[in-house]
Amino acid sequence: MKDVQNLKDNRGIKINEVGISDLRIPLFIKSGRVRQQVIAYIKMGVDLFANIKGIHMSRFIEIAEKVKNSEISDGMITKILKEIKNRLNVNYSRVEMSFTYFLTKKTPVSMKTCTVSYECKIIGESGEDNTRWNYFEIIVPVSTLCPCSKEISKYGAHNQRAEVLLKIKTKHYLKISEIIKKIENESSGELFSILKRVDEKHVTEKMYNNPKFVEDVVRGIASWVMNDKRITDFIVTCKSYESVHTHNAYAIIINEEYKC
Amino acid sequence: MKDVQNLKDNRGIKINEVGISDLRIPLFIKSGRVRQQVIAYIKMGVDLFANIKGIHMSRFIEIAEKVKNSEISDGMITKILKEIKNRLNVNYSRVEMSFTYFLTKKTPVSMKTCTVSYECKIIGESGEDNTRWNYFEIIVPVSTLCPCSKEISKYGAHNQRAEVLLKIKTKHYLKISEIIKKIENESSGELFSILKRVDEKHVTEKMYNNPKFVEDVVRGIASWVMNDKRITDFIVTCKSYESVHTHNAYAIIINEEYKC
Amino acid sequence: MKDVQNLKDNRGIKINEVGISDLRIPLFIKSGRVRQQVIAYIKMGVDLFANIKGIHMSRFIEIAEKVKNSEISDGMITKILKEIKNRLNVNYSRVEMSFTYFLTKKTPVSMKTCTVSYECKIIGESGEDNTRWNYFEIIVPVSTLCPCSKEISKYGAHNQRAEVLLKIKTKHYLKISEIIKKIENESSGELFSILKRVDEKHVTEKMYNNPKFVEDVVRGIASWVMNDKRITDFIVTCKSYESVHTHNAYAIIINEEYKC
Amino acid sequence: MKDVQNLKDNRGIKINEVGISDLRIPLFIKSGRVRQQVIAYIKMGVDLFANIKGIHMSRFIEIAEKVKNSEISDGMITKILKEIKNRLNVNYSRVEMSFTYFLTKKTPVSMKTCTVSYECKIIGESGEDNTRWNYFEIIVPVSTLCPCSKEISKYGAHNQRAEVLLKIKTKHYLKISEIIKKIENESSGELFSILKRVDEKHVTEKMYNNPKFVEDVVRGIASWVMNDKRITDFIVTCKSYESVHTHNAYAIIINEEYKC
C-alpha cells in the first residue's frame, strides 16, 4: 500500500506541532501512599520536518494503548516522549494528560472525611538532545469575599465561587496536594464537599474575616511561586463568578519571560 | 437526479422529529417600543411518515434564509410552521429559536442605566388541523444567600450566583421583561452589570435581608406560575453554584401533567 | 444550633426534586470479568413535602463518601436509594451517575487491540412502597455516510462523525457492551482509536457500502429496542455533524408513552 | 464611603492584567456596504501598579454602556482603549470583543443565496506612549478529506468537519471576508448552509478531488500568512473531527517570535 504520509512536501514549511487530541485512557496516579484512578484526556504531538507531507497518527494511539492502566510518573512520561520520537522519527515530542485529581480533606470542625476534586494537566516535552521540560496546570475552585462590599455595608458581604488557574514549569513535578494547599491559603476560603452546621458556621465566619479581591488572590499566589526555586516559569489567573453581577472578574500575573 | 429521500422505508416506524439544528441567523425582537437585534440558534423539525426514507433538509434552510433579519413574533412563527408543512409535506412542524435578550435596568441607588442579558428560547409547534402550541424558556441569573449560613453564623452568610430555568407553555407569548421581573423577585437579589459603591452597599444588605434556599426560589416562582391563567404548563429549576462547595444545589418543581 | 431547614413552609407547594449535582467521586464498574475504574459525576435528589422549608444537603455527600471506590451495581444503587430515604426522611429518592465507559475492540483487519470510550449515565429511582425504576443513557459516536451524496455523485460521498443518544427504562440494567454493539450496527460504521492502513481501507470501503441518513440510524435502533422485552420505555436521537454544512442534522424516535 | 481599592498593597507585585469578562453587549459591524448586527462577549482589562490594592471594575461597564449599539471599528477600539486608560489611570489597556460574523454566499451550482456564520474575536491593546497592537482571531469550519484513505481504498474516502483557528497581529484590521476566503481555499471544501442536490454533487466531487491532511491545511494557510506584509505575527491550528475515530487530529504552525 502506498505511504501517502511519506510523500514530499515542497512548500518548505516546518510544522511546530501535529498529533492527536481528546483520546481517553484509564491511568493511575500516586498521591502519598495511595494510588488513585484517573480517566485522562490525552494529547500527543510532534514537530514535522519541512519536506515531509504527514505523520502516521495511529502510532500515537499504539503508544497510548501500551501505557493504559499504568501509573503517571516522571519516568513514565519520559518513556512516552522517547517512544514517540523513536516511532515517528522526529526531533520534538510532547504529551499532555488532563485528569481529575481527588484530595481527601477533614471538615474544619466536625472533622468528617470528604473528597474534593481538582482538574489537572501534566505536560511533558522532549526537544533536541532529549532536553526535557515539565509543565503542570491546575484549576482550584475557591471562594472570594469582596473587601469593598464588606467595608461599605452595614452587614453581610457578597461572596462567590472563583477559580484559580495556575500553570507552572518545573524541573521535577511537585506534589499536587502541596500546590492545592498553597493556592487555597491565598483565597477567602477553601471548598469542601461536606459541611455540617458547625463547619458551615466556621467557614462562613472565616470567609467574612478574610476578604480578597481577585487581585489579592493572584498576588498571594505569585508571592509564593516567585520565591519557590523549583518553579522556573508561571502564569496565574483568578476568575471570580461574581454573585451580584452577570459578568466575571479576573486578574492575571505572568512571569516576565513566560513561555509555557 | 435520483430522489433518495423519497424512497420507501419498510420498517413501518414513524419518526417523531427530524430536522436541522445549530443554524445561526440574525433576527430582531421587539421589547416595548424598541427593536433589539438577536443572533439566534435555529432548530427546525418535522415528523416523518413510516413509509418514507427521509426528508429534504435544505428546505429548512431556504425557509430560514427567507426570515433572516425579520422580527420574531407570534405571526412570524406561525408563518414558518406553515411553510415548513407546505414545503416538506408533513403533519407536524416545529421551530426553536434560542437567543440572548437584553434588559435595560436602573441601578438601585445611583440610578445609572445598565444592560443585563438573559438566554431565551422560543418554541412553536403546529400539529394536525394546525393546532398551535407555544413554549418559552428562559435562564435568569440571580443571587441566593443561604438562610442556614446566616442564622448560625455570628456575621456574614455564604451567597452565590444561581440560575433559574423556567419553561412554560402558553397560548400567547408573554412579555419577556415581565417574566424576568417575576423570577428576580423570588431570589435573594437581582443582578446588575454596573454597581457603583452606593449600589453595592444596597445590593449587599438587601441580599442579607432576603435569604433564600433553592427550595424557596422555585416555590416562589411556582406560586406565581400556578396562579397565572395564561400559563398552561411549566417546569422550574433553580441551580445554585454554592460558594462554599465544589458541587451545586438544585430544586425542581414540575407541573403534574408536564409535557413541555 | 437552629435547624432552619426544618422550619415550616406555608405556601403548600411540594417540590418534585431537590438535591445536589456535579459532585465527582471515584467508583468501579464490572465489564465482563474485568473491573474498570470510573470517575463519576453524581446527582442525588429527593422530593420534599409541601410543609417543610428545606432538605439537609450534606447528608447526600456523606452517603456518597460511603460508596466511594465501590462497584456500581443494581444492589449498590438500591442501597444508595434506601439510605437517602432513611437519612432524609422522604418518599422519593433518585441517584444519577455519569461516567466514561471503555470498550476494548480488535481493529477489523490488523486485529490490533484498541480502547474506545463512551459516555454513560445510570439512573435509579425509588418511589413510594420502594418501587424501583432503572434508566440508562449512552452516547455512542458513529459515522454516517450520506445515501443521497453517494447516489448523485460520480465518486466519493460526504461522511462524518455522528452521535447516537439512547435513553432506556429497564427492569434490570443491560450489559453496556451489548447496547454499544447494537447501536454501532445501525450506523455506517463503528469507530476505532487505532486504524492501521489495512484497517483504514476496510473501514472506508465498508462505510461507502453502508450509507445511512440520521433517519435510518434511529429507525434501525428503534427496531431493536421496540422488540426487546427487557426495555419498557425509550427515546433515541441521532445527531450528525455534517461535513459539508456548519449546522447539524438530527432525528428522534420517542416511545409513545415516554416518561424517562 | 471608604475607597478600599485605593488602599496600598505592600507585596510589590505588579498585576499584568485585571478586569472583567463575559459581559454581553449589542454592537454592529460593517461588512462591505452592509451593517450587520453583533451580540458581543466583552473582556476589558488593565495593568495595575505594584503598590495599589485594586481597580474600580464598574468603570469598565460604564464604558461598555457608552459604546452599546455602536459600530466596531479601529477608531471605536482606540476610543475605548483611551477611555479605559483615562478612567482607570493606568499604563496599559486591553479590550476583546468576541462575536458571530455572517458571510452571504452563493451555492456553487444552483446559485442560491445562503448565510454562513464564523466566530471572531477582535483584540486591541494600548501600551505606554499609546502604542497600539491589533489582534484578530477567527474559527473557520471547513471539510477535510483524508489523502491516505482515498489513496488506499477502492472507493470512497473518509471526510469530516474540521475547524481552522487563525490568530494574527496586524497594523490595521483586515477584511473578515477576505480572511475567510483564504482559509477556505486551503481546505478540502468550504461549507454552505444550503446545498440543493446539484450543489451536493458538486461539493462531494470537489472534496474527493481535493484531499487534505490537517498538515496540508495549516501549511497552505501559513504560506499565505507568511507572505502577507500586513500580518506581523500569527499562529494557525487545524483540528479535524475524524469521522472514523473518536479522537481528533490537529496541527499547529506558530510564527517564530509568536507573542499574540
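As written, the chain order gives the labels A, B, C and D, with residue 1 at the start of each chain.
Operating definition for what follows: contacts are C-beta pairs under 8 Å (C-beta built on N, C-alpha and C of every residue); 3 or more make two chains touch, one makes a residue touch a chain.
Only a predicted model underlies this, so the values are computations on that prediction, with no experimental measurement involved.
> Would you kindly say which chain has the C-alpha centre located farthest from the C-alpha centre of chain A?
B
> In steps of 5 degrees, what rotation angle do you get fitting chain C onto chain D on the CA atoms?
Roughly 180 degrees of rotation.
> List the centre-to-centre spacing of chain A and chain B in whole Å, with centres computed as mean CA coordinates.
35
> In whole angstrom, what separates the CA-based centres of chain B and chain C?
Computed value for the inter-centroid distance: 25 Å.
> Hey, how far is the Cα centre of chain B from the one of chain D, in Å?
Each chain reduced to its C-alpha mean, chain B and chain D end up 28 Å apart.
> Please output the residue numbers of chain D that touch at least 2 other chains, ranges allowed.
Residues 1, 23-24, 61, 117, 148, 152, 193, 195, 197, 201, 246-247 of chain D touch two or more partner chains.
> For the complex, give me every residue of chain D touching chain C.
The touching residues are 116-117, 141, 143, 145-146, 148-149, 152-161, 189, 191-193, 195, 197, 200-201, 203-205, 207-208, 241-247.
> Chain B touches which residues of chain C in the complex?
Spelled out, the residues of chain C in touch with chain B are 1-2, 4-5, 9, 11, 13-24, 45, 48, 53-55, 57, 61, 147-148, 151-152, 213-216, 218-220, 222-223, 226, 239, 246-254.
> Quick one: which bits of chain B touch chain D in the complex? Just the residue numbers, please.
For this pair, the touching residues of chain B are 1, 23-26, 36-39, 58, 61-62, 64-65, 68, 100, 102, 112-115, 117, 193-198, 201.
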